[in-house]
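The data blocks that follow each hold one structure.
In what comes next, chain A is part of two complexes: it sits with chain B in the first one and with chain C in the second one.
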Partner chain A sequence: MGKNLTMLVMDAPYESANSTTALRIVQSALHKGHNVHVFAYEGAVTLTLKSQQPHANPAKGTTAEQEQHPTTKDWIKALFEMSKGNGAKLEWTNCGLCVDERGPAEWIDGPKRGGPPEFARSVIASDTTLVVPTKRNC
Partner chain B sequence: MGRVLNIVETAYRGTLEEQDDTVIWLSTMLKNNGLEMSLLLRGNAVNYAVKGQDASGLAFGALKQVHPPEIDKDIAKLVSKDVPVYVVKEDADDRGLAGSEFVKGIKAIPRARISGLVVDHDQVWHW
Partner chain C sequence: MNQYLLIESRDCFESKDVEYCYDLAKDLASSGNKVTLYLIQNGVLPTRRTSMINGRLSDLAKSHVDVYADDFSLRERAIPSSALADGIRVSNIDTLVDLLMSDGTKAIWH
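Let's look at the complex of A and B:
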């Protein structure tokens, strides 16, 4: 019987290793049959932006096709696909106010708009919660 | 689901743009939505406990920010909602804060007591 994990992520794409680490945890949990609800807060709402595009690498002289540059929206799309295959459920909620103040709201299929009430309900209903915040020494 | 210990260490991250601290804001929203929690301020975030902070005055050209962050008042609101708010005493001492500057109701605790707080809570979130 899978457990329920809530995870809050906060970094924008390509900001730190936190996002990749968080997605690896999501993948591991799904792989083991656990349900995961991700709450994307602050810059993390841009992780699922539909308009992300791979780019070429002029330093290496490779085209976009050769480079196969990863985008976070493709990684997350793959996690949604993976969850369909093994019975574990992936939910993804983008903080609506965080989206509004940043602008772009065109996401891949899967994420929903929500806010702290959804996060609170998910935390209360989950077996555990992990927050992966943006950390700065400022 | 029991009580969450929110440890806030990252301070003044985007507070002028956001007009608040996003973790303190989220804590308030979660408390309003039924989540029980305590707040522990450590590192540079101990300064959030200091009364009378004034972040007003930001302007770009003719555009003035009319609602600057008032994090000390946000902390006071959490205290008024029965959220226990703690400050790590050594971190306050390191920054020349004696405690008399703090918002009413905040408890200064020695670093050695953090482990006890962790034990007393069901989940720990470190921001």
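Let's look at the complex of A and C:
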């Protein structure tokens, strides 16, 4: 039987490998039938930004099609579609204050606006919580 | 006995905190807890037999810490399994999720 996983992510797209790893974990958990609730804070609220576009690479002279440039919004969109197919539920909450500060309010279908109270409720209701913080060296 | 999953994403030359993570894993295991150290992203760099720090990881494995290196991260960094120091096992994201979702597991990402 599927369990409930709460994840918190904070990195903006292409900032670090954390985003890729977090999405790999979500994909695997959904594939195993677990319900996943992702909370995006800080720059991570741009992971689901609708206007993301693949681009060409002028340095290599390749087109956008040849580059096959992955965008996080397409990956997350695919995760939502995957969750519809296997019964596991994916919820995605973008921090409202983080969105207001940065302005990226046009998202793909699926994410909702929320904040710390929703995160706290999800943590309490979940079997496991994983926080993937931004990297700050010290 | 508690169950801890420590996920280390950094190289020890990237952040001094990494060695504290190794110390935490060893202390938790020596206190009788079940401990897994899952190395991912740049966290797999010290797994190489030729790394100056690899002895720390082999020592953890001898100290009853399960030390795993993420296969995807190893491939990204061209580290073959044959290059790994003693006691380190290659693993994958599905195993990480299984560990994460095990009853009572406390997970810490660094």
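What we mean here is this: the second predicted complex is superposed on the first by the 137 of 138 C-alpha atoms of A that agree within 3 Å, B and C clash if a C-alpha of one lies under 4 Å from a C-alpha of the other, contacts with A are read in each partner's own complex, and residues count from 1 in each chain.
Everything below uses one rule, namely that a residue touches a chain if its C-beta (ideal position, glycine included) is under 8 Å from a C-beta of that chain, and two chains touch if they have at least 3 such contacts.
All of these numbers come straight from a predicted model, not from anything done at the bench.
K.L.:
Just checking: does A:116 make contact with chain B only, chain C only, both, or neither of them? Give me first, second, both or neither.
P.N.:
It touches chain B, and chain C stays clear.
K.L.:
Is A:42 touching anything from chain B or chain C once the two structures are fitted on A? First, second, both or neither.
P.N.:
After superposing on A, A:42 lies in contact with chain B but is clear of chain C.
K.L.:
Quick check for you: in the superposed arrangement, does A:25 touch first (chain B), second (chain C), both or neither?
P.N.:
second
K.L.:
Please work out whether A:17 is in contact with chain B alone, chain C alone, both, or neither, and reply first, second, both or neither.
P.N.:
After superposition on chain A, A:17 lies in contact with chain C alone.
K.L.:
In the overlaid three-chain picture, which partner chain does A:3 touch, first (chain B) or second (chain C), both, or neither?
P.N.:
After superposing on A, A:3 lies in contact with chain C but is clear of chain B.
K.L.:
In the overlay, answer first, second, both or neither for which of chain B and chain C A:34 touches.
P.N.:
Only chain C is touched by A:34; chain B is not.
K.L.:
Please work out whether A:135 is in contact with chain B alone, chain C alone, both, or neither, and reply first, second, both or neither.
P.N.:
both
K.L.:
Pick out the shared contact residues on chain A: the ones touching chain B in one complex and chain C in the other.
P.N.:
On chain A, the overlap between the chain B and chain C contacts is residues 128-129, 131, 133, 135, 137-138.
K.L.:
Once bound in the complex, which stretches of chain C touch chain A?
P.N.:
Result: residues 7, 9-10, 14-17, 40-42, 72-73, 93-94, 96-98, 100-101, 103, 105, 107, 109 of chain C touch chain A.
K.L.:
What part of chain A is in contact with chain B in the complex they form?
P.N.:
Those in contact with chain B are residues 41-42, 115-117, 119-121, 123-126, 128-129, 131, 133-138.
K.L.:
If we count contacts the way the header does, which residues on chain A are in touch with chain C in the complex?
P.N.:
Where chain A meets chain C, its residues are 3, 5, 17-18, 21, 24-25, 27-29, 31-32, 34, 127-133, 135, 137-138.
K.L.:
Which positions of chain B touch chain A when the two form their complex?
P.N.:
1, 4, 9-14, 22-23, 26, 29-30, 32-35, 44, 123, 125-127
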